[in-house]
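Next, two complexes with chain A in common: one pairs it with chain B, the other with chain C.
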Partner chain A sequence: MTASWKQLFFQILLLVFCRHINTKTPGPTPPPLVADSPLPTDVRSAILKGESHTEKVEVVNPVNLTLECTWAGNRDKQPNITGLWRKDGEEIENSLLMVQLENEQYNLRRVFNIVNEESLGNYSCLFGNEARIDFVLAAPHIGEVRDKPIVGYVGDTAVILCKMEESKPKPSTWNWYRTNGTNKEQILTAAEPHRYKIVNEGEKTKLLVHNLTEADSGSYYCAAVYPIGTTMGHVELKVITFFEPLKPFLAILVEVIILVAAILLYERSRSKKNYAAGNETNDQSNTLTQGENNESEGSSSMRQRKV
Partner chain B sequence: MRLLKKNMPPAAATKLGYTPPDGGWGWAVVLGAFISIGFSYAFPKSLTIYFKEIQEYFSVSYSQIAWVSSVMLASMYAAGPVSSILVNRYGSRPVVMVGGVMVCTGMVLASFGKSIVHLYLCVGVIGGFGLAFNLQPALTIIGTYFQVKRPMANGLAMTGSPVVLFTLAPLNQFLFDSFGWRGSFLILGAIVLNCCVAGSLMRPVNKTAGQKPKTEPAECNGAAAEEAATADTGAQSDNLLTEENQSEGRSQGCVHRFIDVSLFRHRGFLIYLTGNVVMFFGFFAPVVFLAPYAKHQGIDEYSAAFLLSIFALVDMFIRPTTGFLGNSKWIRPRIQYFFSFAVSYNGVCHLLCPLASGYTGLVVYAVFFGLAFGMVSALLFEVLMDLVGSHRFSSAVGLVTIIECGPVLLGPPLSGALVDIFGDYKYMYYACGVFMLVPGIFFFIMHYFNYKRLDEEKRQSMAAEMRTCEETVQLKMSQDEKADG
Partner chain C sequence: MTDVKPKAESQSDEAEGPDGGWGWVLVGAMFVSTSLVFGLMRSLGIFFVEFVQYFDESAQAISWISSTGLATQQFFSPLGAALCNAYNTRVVVMIGGCLAGLGLILASQATRLVHLYLTMGVISGLGWGLVFTPMVATVMANFTRRRTLALGLGFSSIGLSSFAFNPLFQLLVEKYAWRGALLILGGLSLNIVPCGALIRPQRRSKAPAKVDSETNPPRASLLQRVSSYLELSLLFERPYITYTLGVSLMNVGYFVPYFHLVAHSRQAGFSEYQAAFVMSAAGASDILGRVASGWFSDLGLFRLIHLLSMWTFLAGVFIMLLPVSSLSGSYAALMVISLLYGFSAGALTSVVFAVVPLIVGVERMMGGLGLLQLIESSAGLLGTPLSGFLKDVTGNYVASFMVSGGFLILATLTMATLPHFFSCRDPPPPQKRSLNDKDKGLHSELEQINSLPADTNHREEL
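== the complex of A and B ==
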């Protein structure tokens, strides 16, 4: 009972100070923030309904993270069950323990020190051999990056953009890398200022590559640097010469010229035929109209006479 | 008398001085017009795919890049009178071919562009003028080739717009992925050159064939009354209003060289113009905001884009259908009412849109809106031809487009401002609905009076003709009697 009062107190603290924290699960406790420890603490909880469940946790700064798992159990609710924690598939030492059935639920909880990039990964809590909840700890993922290759032209400039979603926290800085064989080499603008230019604007970054050559084609990586680690985004650049689009252009140009010439020539040949035939029909139509006039006069006069 | 009717060409063609073929090569001309009109309307819309990359490349804001489309549309409408003058002088074919070459040049130059202003000039101004040189002549030449089947021909030609848009959208995406924006502009320049092919199909109509023999007794046999069902109200009204005949005799010389400003005294033309100016404020905005509105309702991006595809598909099929309906003998004599109905229906559709809830509601709205939009588009130029007649259509459409330039450009930004001010799309839809319903009702009322006046004038002039016919027949009779006796 006292535990739930403490949780309620922290809940009020949370509402007052930390309204932007977003817990995606209907967890029993909202995460409290206590300021008097060297590392901030955070709590993430998940309730398992079914076989397995995956929870994505975004980590920006180093934190003491408490992960809580709750399982309602299966049909035959045993009083004790083994609980285990794993990181990236490997069992964490000394994490195996027996879990009691409390309030028709099994609870597992453990505190983890997330301090650097190696601490990030896939943490799983297992109940016996049956139930598992995964927590995927990662730095914020880069939202907007082009998945298809960017096309640039020789001698022109290419602009490669990476953008973090506006709802996510801004990275401390951005770095750019390009692959050289298998290694990723950082692009340093100081080394070649007339070739590369990096523009960092908070949640977006732009890499400008001037005077493109075909050797510039390849993979480029933008890295968003957070206190906890970096996330990478991959963009591919393809450099082509101006002759590439010129080929379809010339092909279509030729097609247009052929069609126009064909249509105009056809028209000219038709009109020559008509001109030859036209002289004959002109005489015929003249006699016809005369005949019509005679007829019309005849019938109208006949009508008049009838009336 | 039956014999005479068969050999008799329609009396309404008297003002044209020849019988339009209503078929034959005319259908090839419709194909050419299909291509030209398609490119004119669909090309500016389809370029929006490239805007994001161009925006990043030149480091400009979205509104600056959107100006490219606006400048292109503005040039296309503003160049209307120039196009009309050239068509009056040289005919459709040379103007369309020059237009095609202009757009091609504009796009090729733009592919080498080094600044956003370069794009405004090349794509916007040169491209826009080139498209105007495609649009006007294509519409005009249909009027010269078709009389009886003209609504059908117009409906088919206007179908070019959604069909070309449907084809260009995925094609542009493919070109962009393969060649980036510069290469795509180059290739698009070549694709647009197909307008020259369309232009080569636009053979000037043969005005010497099937010339109406000017036999006065034949007219008196009531053949004129029989053909009233299939004839233009416009051509007839021009025929019968004696004062207009006189002024036209004077301006005949001017028409062939410059633009026919006497149209501003034409009753039907003024009705059309005032209604259209108001209507265009609310015509295009709902199309522009369909996808954003859907996303605002919480629908994901792909389903929102699918709404636009539904709209385009319905639009594509309703345009020839409307043309066919407009050609039927019940609707053709009173086609202005059909147009008024289409405009009002558009308005009602928008007013009811805020009631649509969820994705199915929006799909239903997209279908009905597609119907409405297609109907108005198919009839838009047909009713103008019907009012002023084919021979003055070229000048009329030039004047109409330059005056419509304002509402067309201001419509979407004003609607966008409405959305921003109120934070809700429904006020924009109410505004658009009102902007379409009011002209619709206006058209109904004004055309009711216009038709009454036209019928009266027709009756008066027919009575006058009958009198002169009887006199000539009596004269001939007396001559015959004298000859016999």
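== the complex of A and C ==
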């Protein structure tokens, strides 16, 4: 049984590199075939040092991806160990094989056809029951998305921005969705051109919503479209009326008015007291200078002639 | 600063209040109003990201908003000073507070970028111009021996408030978007009005001019009165010009590290976090420097002008050392030099304004400050583009830091040409001279306005 599997394995590899070979597929369940048009190839490998290891793989275009796992083994290095591949937790059919110990290492290697969104996911290679390496295949994640809701005002325009990091590949296009209950509906600017406007600039996209109403509050999704699939970013929009900030503003305004009134009233009451008591001292200061202000030491409460 | 002075001043006819008492209340008012002017201006950066996104404009166009605000504030400083001389300081500051708040409130309704230039830039800038110089002059007029400490405490608000405003503005923008946040900021700015209300009307020192001109209308024509309110006569006096020139040269180099230190640290190979931390540390030592220098100056051990020269010289030296320390690769060296630079830069701000009444006399201080602000600001506008240009030409910041430090040292040398610089004691301050003038009556006022060169010899007291 093992020999034929090895044969199959090599045949698939050969097929990838040389198109003309026909694959005879003995065995009850054929493994996934390659597509007719040749896909580019790529290799990802990981070496396991501890218990488990996760490797993130960014996929943009359809590709034949070879995943390699290397494990140094544990203390008692058995000459043979079972190797297994899983996708999203479920065992891939006919992927179980016996791995030989070579150069003090166990090696597992398999080619996967990543053609569409279903092909993406979490691929794991397992050595026996002990060691596991996870490869997380996904389209590029949208990095810069606001986690706090964007606030807009009724009647105003809201600008929602989604940006892919510059280091990551640019999406082919962007789409916008908004949730209506539980469904995601795509926002089509053609349907309502005076309400929505989408501006796509490579790695950035902006959704402009004009004439906001409170019904526009909710979740919006920007979707970066890649050949392999789409990734979503979530932004929340909150529409408020102008009364919201008006409340703290009026509170501050009242505080300012109270302070000013208090200061002026305090001063007026003190000046009334001092005016009655300080008339004589005012006359004295007049003789001392030519109507210039004068201040006595230590006290600043005397009201002057000049108001 | 001998013991004889306070007694003499208390008998003078200037409105120099005693140290303490209501003066400290005014220091508190200055603390609040300065933080709402400069602290607010420094934290407006939080809004810029929102503006760029909403108005779809470049960062450069958005940064013009705060440049316009700052330029308007400094341009209208002489106007604020003149209005205080002509009318009532209290009313001027209260109106300034209303304008500052109004500008921000109107900005919350902006639909185009131009609206922001006009509201946040011009209207609020005008309000700020009517607030800052009068408040500083009022506080200085209320202190004699503790003047620098009072100023240091008041100016420390700029650094402290920008620490507090950054998270506050961030919170406001997250909760209410930029429109609501600007509205609330406008309300906060209205708090300048009670600060202005705390100014007692009798603190004005230009009263005699008004009295004299009222009794002689044919002589004091409108133009002459305006020029006396603006203290334009100061522009013809050598000590004032020398001092203003020195401060302007200092201004060219002073702001450069604030703008370029982070970029320079990144270029020298430090991480973003490390560079930002250096900047914050320099800001903290700046606050410390302001208060410490204020306290130290008032001990009276040295003349204010000598202390100012020393701090300016040190700041220049440390700016020049900044690229040297970072090029050596040592983070500790960069941190130490930045802390020293921050301390000396803060220290000199406390003293810069306090020297003005020693040169021009307390009664002309208000106008003197206004003109000083206007002239030094135009120099400040040159500094950052020049250093940016040097950086573009040479590829790194070494040349621009060296030139900036050089400008500060040049400023020190300019200030050394002030008359009586090398004497150990302060010469008798000009206000004594004006006391005698007022005893003589009208002639002094008209001489001040009309024939200046002869009188400046007498007024060259510093």
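What to note about this one:
Note that in this section the second predicted complex is superposed on the first by the 240 of 307 C-alpha atoms of A that agree within 3 Å, B and C clash if a C-alpha of one lies under 4 Å from a C-alpha of the other, contacts with A are read in each partner's own complex, and residues count from 1 in each chain.
Basically, a contact is a pair of C-beta atoms (placed from the backbone, for glycine too) under 8 Å apart; a residue touches a chain by one contact, two chains touch by 3 or more.
What you are looking at is a predicted structure, and each value in this text was computed from that prediction instead of being measured.
Look at A:V151: by the touch rule set out above, it reaches both chain B and chain C. Contacts of A:E244 after superposition on the shared chain: both chain B and chain C are touched. Contacts of A:A215 after superposition: neither chain B nor chain C is touched. Where the contact sets of chain A with chain B and with chain C meet, they give residues 148, 150-153, 156-157, 159, 161, 240, 242, 244-246, 248-249, 252-253, 256, 259-260, 263-264, 267, 289, 292-293, 295, 297, 299-300, 303-304.
Considering their complex, residues 1, 3-4, 7, 56-57, 177-180, 182-184, 186-187, 189-191, 193-194, 196-197, 200-201, 203, 213, 215, 217-218, 220-221, 473, 476-477, 480 of chain B touch chain A. Remark: chain C residues 10, 13-18, 21-23, 53-54, 56, 94, 174-177, 179-181, 183-184, 186-188, 190-191, 193-194, 197-198, 200-202, 204-205, 207-208, 211, 438-439, 441 touch chain A in the complex.
Note for the complex: chain A touches chain C at residues 148, 150-153, 156-157, 159, 161, 240, 242, 244-246, 248-249, 252-253, 255-256, 259-260, 263-264, 267, 288-295, 297-300, 303-304, 306-307. By the touch criterion given at the top, residues 148-153, 156-157, 159, 161, 206, 240, 242, 244-246, 248-250, 252-253, 256, 259-260, 263-264, 267, 289, 292-293, 295-297, 299-301, 303-304 of chain A touch chain B in their complex.
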